[in-house]
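Each chain carries a letter (A, B, C and D) given by its place in the written order, and its residues are counted from 1.
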Amino acid sequence: MSMSMRKIVADLHAELVRYNLVVWTAGNVSGRVPGEDLFVIKPSGVSYDELTPENMVVCDLDGNLVEGEHSPSSDTAAHAYVYRNMPDVGGVVHTHSTYASAWAARGEAIPCVLTAMADEFGGEIPLGPFALIGDDSIGQGIVETLKGHRSKAVLMQNHGVFSIGKDPKAAVKAAVMCEDVARTVHVARQLGEPLPIPQDDIDRLYDRYQNVYGQRSPR
Amino acid sequence: MSMSMRKIVADLHAELVRYNLVVWTAGNVSGRVPGEDLFVIKPSGVSYDELTPENMVVCDLDGNLVEGEHSPSSDTAAHAYVYRNMPDVGGVVHTHSTYASAWAARGEAIPCVLTAMADEFGGEIPLGPFALIGDDSIGQGIVETLKGHRSKAVLMQNHGVFSIGKDPKAAVKAAVMCEDVARTVHVARQLGEPLPIPQDDIDRLYDRYQNVYGQRSPR
Amino acid sequence: MSMSMRKIVADLHAELVRYNLVVWTAGNVSGRVPGEDLFVIKPSGVSYDELTPENMVVCDLDGNLVEGEHSPSSDTAAHAYVYRNMPDVGGVVHTHSTYASAWAARGEAIPCVLTAMADEFGGEIPLGPFALIGDDSIGQGIVETLKGHRSKAVLMQNHGVFSIGKDPKAAVKAAVMCEDVARTVHVARQLGEPLPIPQDDIDRLYDRYQNVYGQRSPR
Amino acid sequence: MSMSMRKIVADLHAELVRYNLVVWTAGNVSGRVPGEDLFVIKPSGVSYDELTPENMVVCDLDGNLVEGEHSPSSDTAAHAYVYRNMPDVGGVVHTHSTYASAWAARGEAIPCVLTAMADEFGGEIPLGPFALIGDDSIGQGIVETLKGHRSKAVLMQNHGVFSIGKDPKAAVKAAVMCEDVARTVHVARQLGEPLPIPQDDIDRLYDRYQNVYGQRSPR
């Protein structure tokens, strides 16, 4: 396998640190290996300072270790389930970021009251079920919640956030934006009710952002 | 066109990062080119780490791309509208900074209960309308709210903040101070009502700060 | 005595700084010297920037200075009491981290409403008594609260946090995770009641994390 | 005049930045020149990155510029008043740090509900009057509030914090600790009432900390 996905995944963990989405070793990024039934993921319990392309772990889509000297992340089964069941997903991120996890601890979806949420998530950030680690429960909860939903992030009850994307960078962006809007909407609600955005305005914002924003086409 | 405004605008984005006003690529600075009907603005969707004088974009006052290999910020139309309609404005900044955006999500102006607010903004930081991206709505909302107002910052409902200044640095300062007072007044109100400052004291503070503070005249 | 425990203890203070658990000089790490009735601790009132293996202080288990040119931390008696009475403890950390200290100021234990709390602490983070510095009161409060409890951290009323571990790094991890969950549960409760996690699920999570997580066994 | 107090004052501003007590240029440190009726203070409106021993400003105790090419801080009159009227004070710090300023905006003293507050401040952090900049009103408010009070910090209503110390470093420490306890007590009160600490325990803690803590006497 080429080194490039190992490097991409290793490097992207620095974004979780930069945006304060993780403490100690509690969060992980994975990326599907293009053209193969494999994904690269963080080794379990290794600190972010020590991550290198070399110590990343490669697993098959059942979460079995294929390559690497370390044990894979304890969240590997959830990542694997997503890759098996959502073929368009090329990257998965998991964090316990503070504000998103606080919404998850109360079992509440984050309402769409910011244009930036409409842009990125196309509506609310939904709540997934309470699920224990150790089997496919978490993965099933993620997939059932996100399938057919515009949002690329799901709050897992009493747990934290999983986000997905076409590649690992897009999944990291969704994790960063999820915590940002989780915090802003939380702060807004501390002193009253945020104003709703009408659904057709949410639709227009989402549609525009997905098709116009950034440097997609040369001009 | 001289390189200097490109460099000023590129460099000032680091202040948005330093003061935690932005995540990912969600915020932008622009600066009017002295003596020309042009302004320099951030390219769309490019990360703050990668900004250089060379990849800044130059637009005319209708927001059309004049110079640069990247697409301009998706907020370019709003910046252009401000430059067209407020000839004294030399810099514009847009962010989704957390506390200011939280006031905006509730649709509330920030009351002037801090001497630092009286100094910098001369009173409350006002609320502008809800407006969709894609035409002149946002620019009109900014200009109608700020014209004839002492405040150099406006909270756009459910969206974020726009700030203006005689040059890009002054607009960045207004963005930084806006988030700072948005946070302090929010925190104050979490545990009760802040004490009001009488209007004539606000007037005196504003007048003094605009005329005495800093290193304006040699002594 | 070998230099290694001095270096480990000196270096771990950087983690308290990195995770914003301390300001100025208000927090300390200690580590038991393997095979000896001694522990290494921070010197009193010395800033984190200036800590080196050489200026660490060595004390006996009664808290008497054995080696070092500086006075030991003013919290030395509490650390010593823990080492005397909990022979499996190899590291102790004390901080006034904001959110944990806020729970302590109200005299409330932190309820277990996050899977990460169940993993690391096996349930709530308990409250210890109000105790004055100057004799064994603080040490007794720590030991009486933590003995027979799964939690490796205790909130000392109106004071701050003490955490323990098999070695200093494990105690620092407990201090970091304690503040992280103290903050997340606080934020959750600001807008309503977090959902409880059933006790048998807490038990399963704790059991799994203590036995499966990380890189403990080669594979 | 020796360079040393210029360097001390210039360098200590980095601590205001490190502990997030200031944004832009809104905060200042001064230090009395030993043996002379002079003090060194920050120049007005100069950013923290650009402060050097050379661009510090020297004033007499009436606040008149004695040495330096820049205008002195706009808060110079308040610093000067303190030095004139509190001969034991060797350093003064002013900030608009968020949590302390929030208490000041509501016009509330910070109650002593943390042992760290008892240690450093010997009780509550008191509230001073609302006062306008431009004459001796702020200085008088500081001195009248702090004279005969154990606290080395005062919350000036609707404004921010002033702190004092035997030297500039002690005044900076008081500013850092003031914001730290302002934040912790705020967070505690968000979810209920913090438990009071009995006055005689506050007295014991204060007495011990002032006489025992740190590296004051060689041993």
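Simple rule for what comes next: contacts are C-beta pairs under 8 Å (C-beta built on N, C-alpha and C of every residue); 3 or more make two chains touch, one makes a residue touch a chain.
Just so we're on the same page, UniProt names per chain: A, B, C, D = L-ribulose-5-phosphate 4-epimerase.
Worth saying up front: this structure is predicted, and the values here are computed from it rather than measured.
Trainee: Name, by label, each chain that touches both members of the pair chain A and chain C.
Mentor: Chains touching both chain A and chain C: none.
Trainee: From the centre of chain A, which other chain's Cα mean sits the farthest off?
Mentor: Most distant chain from chain A: D.
Trainee: Given that chain A and chain B are copies and touch, would you call their interface same or different according to whether over half of its residue numbers are shared?
Mentor: Answer different: the two copies use largely distinct residue numbers here.
Trainee: Return the distance between the CA-based centres of chain B and chain C, expressed in whole Å.
Mentor: Distance between chain centres, rounded to whole Å: 44 Å.
Trainee: Could you give the separation in Å between the centres of chain B and chain D, each centre being the mean of its C-alpha atoms?
Mentor: Distance between chain centres, rounded to whole Å: 31 Å.
Trainee: Going through chain A residue by residue, note those that touch at least 2 other chains and give them in order.
Mentor: 190
Trainee: Any two chains that touch count here, so list every such pair.
Mentor: A-B, A-C, B-D, C-D
Trainee: Which residues, counting only chain A, touch chain C once they are in their complex?
Mentor: Listed in rising order, the residues of chain A that touch chain C are 23-24, 26, 43-46, 65, 70-71, 74, 96, 98-99, 101-103, 105-108, 130, 132-134, 157-160, 186, 189-190.
Trainee: Name, in rising order, each residue of chain B that touches chain D in their complex.
Mentor: Going through chain B, the ones touching chain D are 19, 113-116, 173, 176-177, 180, 183-185, 187-188, 190-195, 197, 201, 204-205, 208-209, 212-215, 219.
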